[in-house]
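Take a look at the structures listed below.
Consider the two complexes below, in which chain A is the common component and chain B and chain C are the respective partners.
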Partner chain A sequence: MVDQNLSVPKYWRKIPQYYRLTAVKCRKCGRVYFPPRAACECGSREFDEYELPRRGKLIEYTVLRSVTSDFEKQRPLAFGIADLGGVRVFGQLVDCPNPDKLSEGAEVEVVFRRVKEDSDYGIIYYGFKLRPVKGCW
Partner chain B sequence: MAVGIVGWGAYIPRYRIKTREIAEAWGDDALRIRDMYLVEEKAVGYIDEDPVTMAVEASRDALTRAGIAPSEVGAVFAGTESKPYAVKPISSILIDALNLKRQVYSVDMEFACKAGSDAIVNLMGLVKSGLIKYGIAVGTDSSQGEPGEHLEYTVGTGAVAYIIGSTNLVAEIKHTYPFASDTPDFWRRDGSPYPVHGEGFTGEPAYFRHIIGAAKGLMEELGMKPNDFDYAIFHQPNARFPVRVAQMLGFPLEKVKPGIVVDLIGNTYNASALLGLAKVLEEAKPGSKILVVTFGSGAGSNAFYIETTDLLPSKVKLARTVSEMLEDKVYIDYSLYLKYRKIIKMIHG
Partner chain C sequence: MRNSALGYINGFAITPPGRYYDKGYRELFAEVALKALEAAGNPDIKAIYVASALSELTGEQLAIGNVLRDYAGLRNIPSIRIENGDGSGGFAIMTALNHLASAGNGCMLVVGVDKPHEVISLKQNKYASYLLDSDYEAYFGATPVALAAIMAKQYMRSYEYKYEDLATWAIKMHERGAKNPYAYFKRAAKLKDVLDSELVADPLRLYDVSPFVDGAAALVLCSKPNPNDLAIGVVNYGFGASNSYFASRNDYTVLSSVVEAAKAVGPLEGFNGVVSVHDTYSIFGVLALEALGLCKRGSALRLLNEGYFDQGGRVMVNLDGGLKAVGNSMGASGVYQMVGVVMQLRGDKPFNGLNAESAMVEDMVGVDQESVVFTLRVVK
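Our next item is the complex of A and B:
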């Protein structure tokens, strides 16, 4: 899920996270951080890049019917927290025309989608979203 | 050097609209429309889906099936006629979405519905020359059909991706044959929201002449006949044309039917015949001989002679199959179709 009101440089810097869920894994203790951190809880500052798995479980979700103006035409919006290989990630839930059918524990997959666009002339922001594997309708 | 397909991936959006639903909105006879095109329903991308997002999904599955590291890819070519940006490539977005290295030949290609297959031909050349080890060819489209016009009944949404290489092939591309000319059958002017047909040019001078020219040329060069092939797959602007061209070339219906997907998802333009090939790869036995002929308006065709290898069956279940995606669907009505395709013009968009 791309942050709202992003400037182009800010979006560009976060492309690895928005596009590929690129986390970091501590070389010393193996902890994984998403979004990446500069220092691990163990004190180490040495990390390797680590892409989160693209399938996981839905832990929590909520449905918004009052949304910011950029997303008014997409109401209702569903958002959820998914467990992707032990890392909790917040994202928009899509392909879910009936959010009442969502359930905690449902299998979700990471998909690549448009998040927003700056009018008809500006940049299109792409990023990850979460999709219930078995749908919700 | 043998060159061919190392992996493949496809993507079909979940939403579908019945052609009957569209016919009712515009007062057409739904049975007559179905009889004309033999298209039952078509795939519709959601508001947040476009040729970029679908290309990413298909390419990820292609890499998974190929079992190669993204860093081994030396080129990514995307064929489309519905780029979200007039100027800004899909292929460069693919580089970062797929985590390819920076040293990658990348370009978007346009030749109506044919460019995805041109991407394959070009990558074959780069692999054969030793310039790259693997390349990704993408065909992706979410093209336009003007509301109330007949094109709206068939224009679908989908993407397909092929990893082209020379090792661990699931199918060898043994021969190619092009056939192209300046034929004004279908076009979309710069800045125009919808394409138009050249009256009377769609069938005989365009689709049939070019596909038959490419298919016959390929078979003549190889000394092969329709009987030598197990499958024949043709571009699918509707379900009548590929069946008709198969008859004209002498292929029986049972060799054409497995590769037809347009009846359930519509014409996916640059993904059309190549999605049919993806479906056939899911069921073909090793050693199967496949003829694929693409077509793009303007106009041209590429014919391919493809033979599957022993490696093929082990790759099918490694990613989403076309057959699964054809079944994974939810129907929408015409109002949601207009909304999802952003056809309704709004001041507060």
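Our next item is the complex of A and C:
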């Protein structure tokens, strides 16, 4: 049997968040949480699902050169924090060969991409990434 | 004064941090546990607290307590393994102090032990990524250093520092490590070495990152001090937590969990003595000094460069070289920190002549997840 390193159900149950950025919005105070939470800071435990906007602004970024074993072939990895309608999200920055050209406040859009694969025989994992709208080269 | 401490450190031992391909968890554990017990006069022990972050990941061992106890010949003493990432050590000490308080008397053995060098660096990075939110951060390839880099960028921009200012952390820690026989890095570093080192996550370079080391450190915590030795007591501790999802924190230039833990300990502004901060990355050492209230926000890097935190000052920081020079032994790191300040308070070599009477230890989990801050004092 091929040793499976990553878990299928652990990935599968997070598909709404990985594919569509499904957050939760508190019914009582309107606060939005991504990732979703079971209880709001106002004390309420009642939420509605809420999809985050697909465009926002870059708050900060870095380029990671020392990666983990799952991302060896994708080295280096650019990461950013984006403000999507008032909710801050962490993700990989893509289509950005020259991150030095990025700046604080740059417009980014959410795109759907391959994240990693479980060796040659396991499943392929997908998820959202952040793409600078005006590019960075 | 004698009853003012939560517990007394009656015995301690550390293994020089390194890459122990010839020793496993049990060998490292036994080495320090038996030495610490002997130093404390072999008292009866009520419980063994084992701080380890990686025992199942690199040691492929769950329920590690019995394996360790049996190898060291410690019979019929319950063992409790504490896992809280690279903050396991501090949390094990906190738990042992609580046990001591509920028992009312007796002694506890606390041993931090971890072996990151059972696996290659790509795997070490993967296990380090487990310190973050597995579903929403590590899933996308993030590791703690990537988030630390974002904090460093924001801090340097907010307070108008250059990278050369931050490089001082590594230079000072290497300088201290060069004088410490228990350091992993015993070689001084020049600014050029730091600037020429490879980028890990910009702006952080290799010299900003504490090296993974295998290591073990042990403490014997007792309700009463050893009458034949200098009494060093843990006077107080405080706990604090921050948001688990990094992006959701509004301010990336502060370690909120440390601020909360320091508040819980009590006012620290007038503190003078030795301090040990958990500098997994240079920026965390700098930010910890501000979060502990030892200086104003934005000023730590300037004060560090001016020599304010050097030996001979009012607040002496990481005299052992910190995690930067001693190494990051993950679950054991907090116990190494505690042993480091105990040696400094005692004036043991190479820390003789300090005449410090108070100490503070800050141990943090991951990237500002949770923190515990201890204050210690020589009790006369």
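Convention: the second predicted complex is superposed on the first by the 131 of 137 C-alpha atoms of A that agree within 3 Å, B and C clash if a C-alpha of one lies under 4 Å from a C-alpha of the other, contacts with A are read in each partner's own complex, and residues count from 1 in each chain.
Just so it is clear, a contact is a pair of C-beta atoms (placed from the backbone, for glycine too) under 8 Å apart; a residue touches a chain by one contact, two chains touch by 3 or more.
Because the structure is predicted, anything quoted here is derived from the model rather than measured.
After superposition onto chain A, the partners chain B and chain C occupy separate space and fit alongside each other. Contacts of A:63 after superposition: chain C is touched, whereas chain B is not reached. Once the two complexes are overlaid on the shared chain, A:74 sits against chain B and chain C alike.
For the superposed model, the angle subtended at the Cα centre of chain A by chain B and chain C works out to 150 degrees in steps of 10.
In the superposition on chain A, contact is made by A:20 with chain B only, not with chain C.
Within the superposed three-chain model, A:115 lies in touch with chain B and with chain C [touch as defined at top]. Using the contact criterion defined above for the overlaid structures, shared-chain residue A:126 touches chain B, although it does not reach chain C. Between chain B and chain C, the partner in contact with more residues of chain A is C. Of the two partner chains placed by the overlay, only chain B lies in contact with A:94; chain C stays clear of it. The superposed three-chain arrangement places the nearest Cα atoms of chain B and chain C 12 Å from each other.
Counting contacts by the rule stated earlier, residues 69, 72, 74, 115, 129 of chain A appear in both its interface with chain B and its interface with chain C.
Of all residues in chain B, those touching chain A in their complex are 14-15, 46-50, 52-53, 56-57, 60, 84-85, 93, 96-97, 99, 328, 330, 332, 339, 346, 348-349. By the touch rule above, chain C contacts chain A in their complex via residues 121-123, 125-126, 128-129, 133, 135-143, 145-146, 149-150, 153-154, 198-202, 245-248, 250, 252.
Within the complex formed with chain B, the chain A residues making contact are 15-16, 19-20, 22, 51, 54, 69, 72-74, 94-95, 97, 111-115, 119-120, 124, 126, 129, 135, 137. The touching residues of chain A, when paired with chain C in their complex, are 10, 14, 17-18, 33-35, 60-72, 74, 77, 79, 81, 88-92, 115-116, 125, 127, 129.
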